[in-house]
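You will see subunit A twice below: alongside subunit B first, and alongside subunit C after that.
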Partner chain A sequence: MDEFLQSLIRGLGTGSIYSLLALGFVIIYKSTQVISFAQPAFMLAGAVLVSYLSPAVSFVGAVLVAAVVIAVLALGVERTVLRPMVGKPVFVVAIITIGVDVVVRVVTNAFIGLDVRQVGDPWGLNTVSFLGAEVQQRYLVMIATTAVVTALLFLFFRYSRIGLAMRAVAYDQEVALAQGISVGSVFALSWALAGGLAALAGVFVATGAGVDQQLWIVALKALPAIILGGLESLGGAVVGGLAVGIVESLFGTYQNDFAPWLGPNFALVAPYALMLLVLLVRPYGLFGKREVERL
Partner chain B sequence: MKGPTSIKGRQDLYTSYGQDMGFLNTRPKRAWSGGLVVVALILPFMITDDLLQLLATGFVAAIGAIGLNIVTGYAGQVSLGHAFFLAIGAYTAAALSGPETGRVIGFGITSLPIWLLASGLVAALFGVLVAPVAVRLRGLYLAIVTLGLVFLGEHVFREWTSLTGGPGVGRPAAVPELFGVRLDQDSALFTAAQQLYLLMFVLLVIFGVLARNLVRSRVGRAFAAVRDRDLAASVIGVDLTRYKVLAFAVSSFYAGVAGALLFVVNGFFDPGSFSLLLSVQYIAMVLIGGAGTISGAIMGALFITLLPRITRELPTVLPFISGDATGVFTVFQLEAVLYGVLIIVFLIVEPRGLFGIWVRVRNYWRTWPFSY
Partner chain C sequence: MSGKRLAVIFVGALLLASCRGGDGAAPQEGAGGIKVDAGVTSEACPNAVDKSKGCIYLGTISDLTEGPFKTLAVPITDAQKAFWKRVNDQGGIGGYEVDVTKYVKDNKYNPQIHNQVYQEIKGSILALTQTLGSPTTVAILPDLEKTPMVSVPASWTSLWGFQEVVLESGANYCVESMNAVDYATEKLGVKSVMAVHNAGDYGDDAAAGTKIAAEKRGLTFENVTTTPGQDNQGGAIDAVVSKKPDLVILTTGPTDAAVIIGQAAARGFKGKFIGTSPTWNPGLLKSPAAPAIKALYMQTAPWKAWGTESVGHTAMRAALPGVTPNDGYTAGWVWAYPLKAALEKAASNKDLTRAGLLAAVRQLTSVDYEGMLPSGAGNFSASPQDALFRQTTLYRPDDAAPTGVTLVEDFFTGSTAKDFKFEKPCYQ
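Right after this comes the complex of A and B.
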């Protein structure tokens, strides 16, 4: 039972990282109908930035500064690289974001070097007793932070003017434009939000193990998460992220006992298998919008 | 209703649809194609072996890029899973042609036509298995699912060590033996590099012509209709399921063939080769070359394959780039950045890719000196 609780908490912890990343993907998708493959690079850049800043301005300060800086970076990328492509086929734009990802990642890697950098978080691998099971503190922090961030995002979209504008753009760009909403700034803002979320997620990934050049691969786990939840659903992104985290963690714990024929490390690809299964049943994810097709 | 096939003095005037859709429908096209083939056949006797090997790899990549172009450029089904199908082809060929050792399985069928066809067919089979998912999904959903395929494939190939030799170790690539002659060993007349170059070139011509013929047929028009508006296509009687499955099957067949040949030049490969990066490289080939054109795919593949070689030469021209891995700004970083930058620049500035540049140059000279 302890083992189960431990892997559940671990799953929820890593799942909340995926949720943060997935929220970024979905925010960009809702406003621009594009999946931004640049998220991994922004995540990596955020973690690296924190590893440089935290000795100077404390861990929490570094995280806040990094989130803002990466948000501005993402905003800049949107203005310079993505804006000329508005109205082009979504696939082409998605491929451009792969290009952005490669460029940002190579530049960031130059700042990492070959060794592992520490982000200077206060938790490390310390554990705490939770409902009778020893769980790592950092997972609890991740869960709590993600809960707060998600709640704030929800309030932002529900009650603020800008949030309303963003929802309007997601609903119908032309009508929003006709109502006087600046669609361009909504695009820019959604990239900035996604960049900030990615930076935050990057810091959490780097707690415990540190930052190395392979960190970005973690961000790709958010892709099965958004597909699971449905590309248009913010709630779906959170649920999908948590589901992916839990599935991965439970497979890591139990798969060796129950299904050893899948091979060791199957846990790492289990989210993709889960994604395929869900899509066979529900082609638009769990909470996605079924497109109305017409000529 | 068959008019005169040509009018005297007006050779370039088409009088039938068949003429317009002809394989080499203009005289300049015939001249250029013939010229390029002649140059390509003379080349192995003019340049050094290492360049030949690079070009041979480029030709194989071109076969793979043509395959991706059929499913993505012509039929409009975005696939990030090309690396998976390349891997299937590579391992089918290696297992069929390789010798049975204690470490990896092998069947010792070294005849090239047999393992080449087999690897294409096995990959096509997997393509057909994946296609039903593609029929249900659209756009970016499909892109992400095919991306998941790459990860699942990587896992299987990492763990199935009796087939793949395991990560970091690998296994020898397929044995290229044609009519009893080992093409990867020097013979009395040619060096190994020359033989492989000629083999890959002939195969590229064969598969290129096949693909060109496919896309200018009824099937190709159906692909284009599905790409442009799948609902409209189904309304005018294009069977969506059938053509999507067909597109995936043909594309995977090409990928399988390319995968089988891809490592023959180097002779060795390991499961780490088939990562997402490989898929992105092929996407880059198609987009930089020009989506929806066969010649564009070939240009793009050669360009991407030769790119590392070109950047390696840069430090001699631009001294602030360091040639080894120690400097502030190394060629390796430059190379990686160039991929990204080239994709971005091409898509923004010249969406039709290298093929589009060629079209513009051609149109300029066609009316020269009256360009307006």
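Right after this comes the complex of A and C.
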């Protein structure tokens, strides 16, 4: 039972990271209909920034500052690089985000230097007794932080005027524009939110062993999460991210005992297998919007 | 002139051009009566110390921007620039200076890009002072052999022992792991070993060496392949924790190694880890996994670390003032010695053509590494079995050491590597 609980908490912890990343992808997709492949670079940049700031302003202060700075950076990228592309095919814009990702990563890499950098988190690999099982503190922090951030996001979209504007733009851009909503501001804000979330996710990834220039690869795990949860659903992003983390962890722990015939490292494939299973039953993801098109 | 006649002349010119022998210039006599062809000019190098000397151009294809080995590749490249500058400051080779700054290309650790940039520079260089990575170099290997282009690898796969155009230095990953298992068997009394490694010839070569040594020593052997990425190490950690081997031989990147060691230790694993040289980065000593790394980890290395006292190490440190100590510099510097020796031999043979350089390589029975490798290293004239360098060193983490590791065992050859019949690359 202890082993199961430990595996579950590990899965929920890493799943929380995937959820934060997936939320960023979905927020941008909902407002602009584009999947932004620049998220991995913002994640890396956030972690690197915290590694520089944390000795000076404490870990928590560094995370807050980095989230804001990366949000402003993402907003700036949207205003300068993406805004002129409004109206162009989404495929073209998506390709441009790949270019943004490469540029931001190359610049960030220059700040990593030769040694692995540390974010200076207070938890290390320390454990705490949780429901009778020894689990790492950092996983509990990741789960709690993601829960708080998700709750704040839902409140923001539900009750704030800007949140309402963002939902309106997601629903129909032209109608929203006709109602006096600044669609451009919504685009910029969605990029800023996604940037801040990516920075937070990057810091959590780096709590294990540090920041190297390959950290960005983790962000790719958010892709099965958003497909699984549904591209237009914030709740789907959270559930999808957690599902990917849990499936990965439980398969890693138990697959060798119960299904060794699946081969080594099936845990890495398991989230994609789950995604395919879900898509067979629900082609638009667990919480995705069914598209109805007139032919 | 009619269009038809123009076409005939054009086709004729094309045919003549194609008969020139590809990119290689026709051999001609250069300074000091030395025969030269591609990559050697009578004009001085761009930043020549002595403008009256000609120039030997060497190419560099490395992982300089966004690839996974940038943190090793950049110091390797900088060290080699410093190495060849020192050669030029000391008078050059055979009346020529050496330039390694004009033809430097980024491969992004991608075999296709590696081949593409190689094709761009191959007509202008005599040899490659660096071709970083095993899969990337394999992508151009047929061309290297055909040209022939003498090349210095920035990798340690056992495949290079069978390629006469490739000038490898030190022991390969396979031998490193054999020696690691032998050491752990004799000094730590291990009875079981697990190879946790990346796929590809880096990890596979080390895993093959581990398996050979485990079989020879009668140890239980487990093989676990793991994918790069901090979030992808769960399977390897679970395997280590559930199988509880006495020894884990690691061949991954540094942060992946730290995740595996830290998480396995946090889950109660008490066995030992020995990693090949690319698993180490001094920054890991500040990571959350540092206590576990200090308690459980050791590192094999093909040569001694940055802070060692030898003529070569001292020259290297003097040539690279102000840099953050990193054994990427050490690797780049060591790897350049055989090419320097081959160029000197070719110059004394009065033949600095590509074929002449390869012939000179075949005449090298040993290379003077200025104390960075023991005497006898750098035999390129014998068969792979006889030429294979089988000595490695062993290090442990140490906060006080310049690159975070301190010597535990000086150059040694374990009994497995000593008796090993080297007839093909270990991983094949």
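By definition in this document, the second predicted complex is superposed on the first by the 293 of 295 C-alpha atoms of A that agree within 3 Å, B and C clash if a C-alpha of one lies under 4 Å from a C-alpha of the other, contacts with A are read in each partner's own complex, and residues count from 1 in each chain.
By definition in this document, contacts are C-beta pairs under 8 Å (C-beta built on N, C-alpha and C of every residue); 3 or more make two chains touch, one makes a residue touch a chain.
Note that this is a predicted model, so its numbers are computed, not measured.
**Student:** Should subunit B and subunit C be called a clash or a fit once both complexes are overlaid on subunit A?
**Tutor:** clash
**Student:** By the touch definition at the top of the document, which applies to A:94: first (subunit B), second (subunit C), both, or neither?
**Tutor:** first
**Student:** Check whether A:231 is in contact with subunit B, with subunit C, with both or with neither, and answer first, second, both or neither.
**Tutor:** In the superposition, A:231 contacts subunit B only.
**Student:** Check whether A:268 is in contact with subunit B, with subunit C, with both or with neither, and answer first, second, both or neither.
**Tutor:** both
**Student:** Going by the contact rule set out at the top, does A:102 touch subunit B (first), subunit C (second), both, or neither?
**Tutor:** both
**Student:** Considering only the touch criterion stated at the top, classify A:81 as touching first (subunit B), second (subunit C), both, or neither.
**Tutor:** So A:81 only meets subunit B here.
**Student:** A:277 in the overlay: touching subunit B, subunit C, both, or neither? Say first, second, both or neither.
**Tutor:** neither
**Student:** Mind working out whether A:112 is in touch with subunit B, subunit C, both or neither, as first, second, both or neither?
**Tutor:** A:112: touches subunit C, not subunit B.
**Student:** Thinking only about the overlay and not a real complex, which stretch of subunit B clashes with subunit C: 20-28, 74-82, 146-154 or 164-172?
**Tutor:** Among 20-28, 74-82, 146-154 or 164-172, only one stretch of subunit B overlaps subunit C, namely 164-172.
**Student:** Which positions of subunit A sit in both the subunit B and the subunit C interface?
**Tutor:** Looking at subunit A, the two contact sets intersect at 102, 106, 109, 264-266, 268.
**Student:** Subunit B touches which residues of subunit A in the complex?
**Tutor:** On the subunit A side, the touching residues are 34-35, 81, 84-85, 88, 90-92, 94-96, 98-103, 106-107, 109-110, 220, 223-224, 226-227, 231, 263-266, 268-269, 272-273, 275-276, 279-280, 283-284, 291, 293-295.
**Student:** Okay, in this complex, where on subunit B does subunit A touch?
**Tutor:** 78, 133, 136-141, 143-145, 147-149, 151-152, 154-156, 158-160, 229, 231-232, 235, 276, 280, 283, 287, 333, 336-337, 339-344, 347-348, 351
**Student:** Hey, which residues of subunit C end up touching subunit A in the complex?
**Tutor:** Per the stated touch rule, the residues are 65-66, 68, 70-71, 74-75, 224-232, 234-235, 237-239, 242, 253-256, 258-259, 262-263, 265-267, 281-284, 286-289, 292, 324, 326, 328.
**Student:** Which part of subunit A faces subunit C closely enough to touch in the complex?
**Tutor:** Listed in rising order, the residues are 6, 10, 14, 17, 102, 105-106, 109, 112-118, 121, 123-125, 127, 136, 205, 207-210, 212-215, 217-218, 221, 248-249, 252-253, 256, 264-268.
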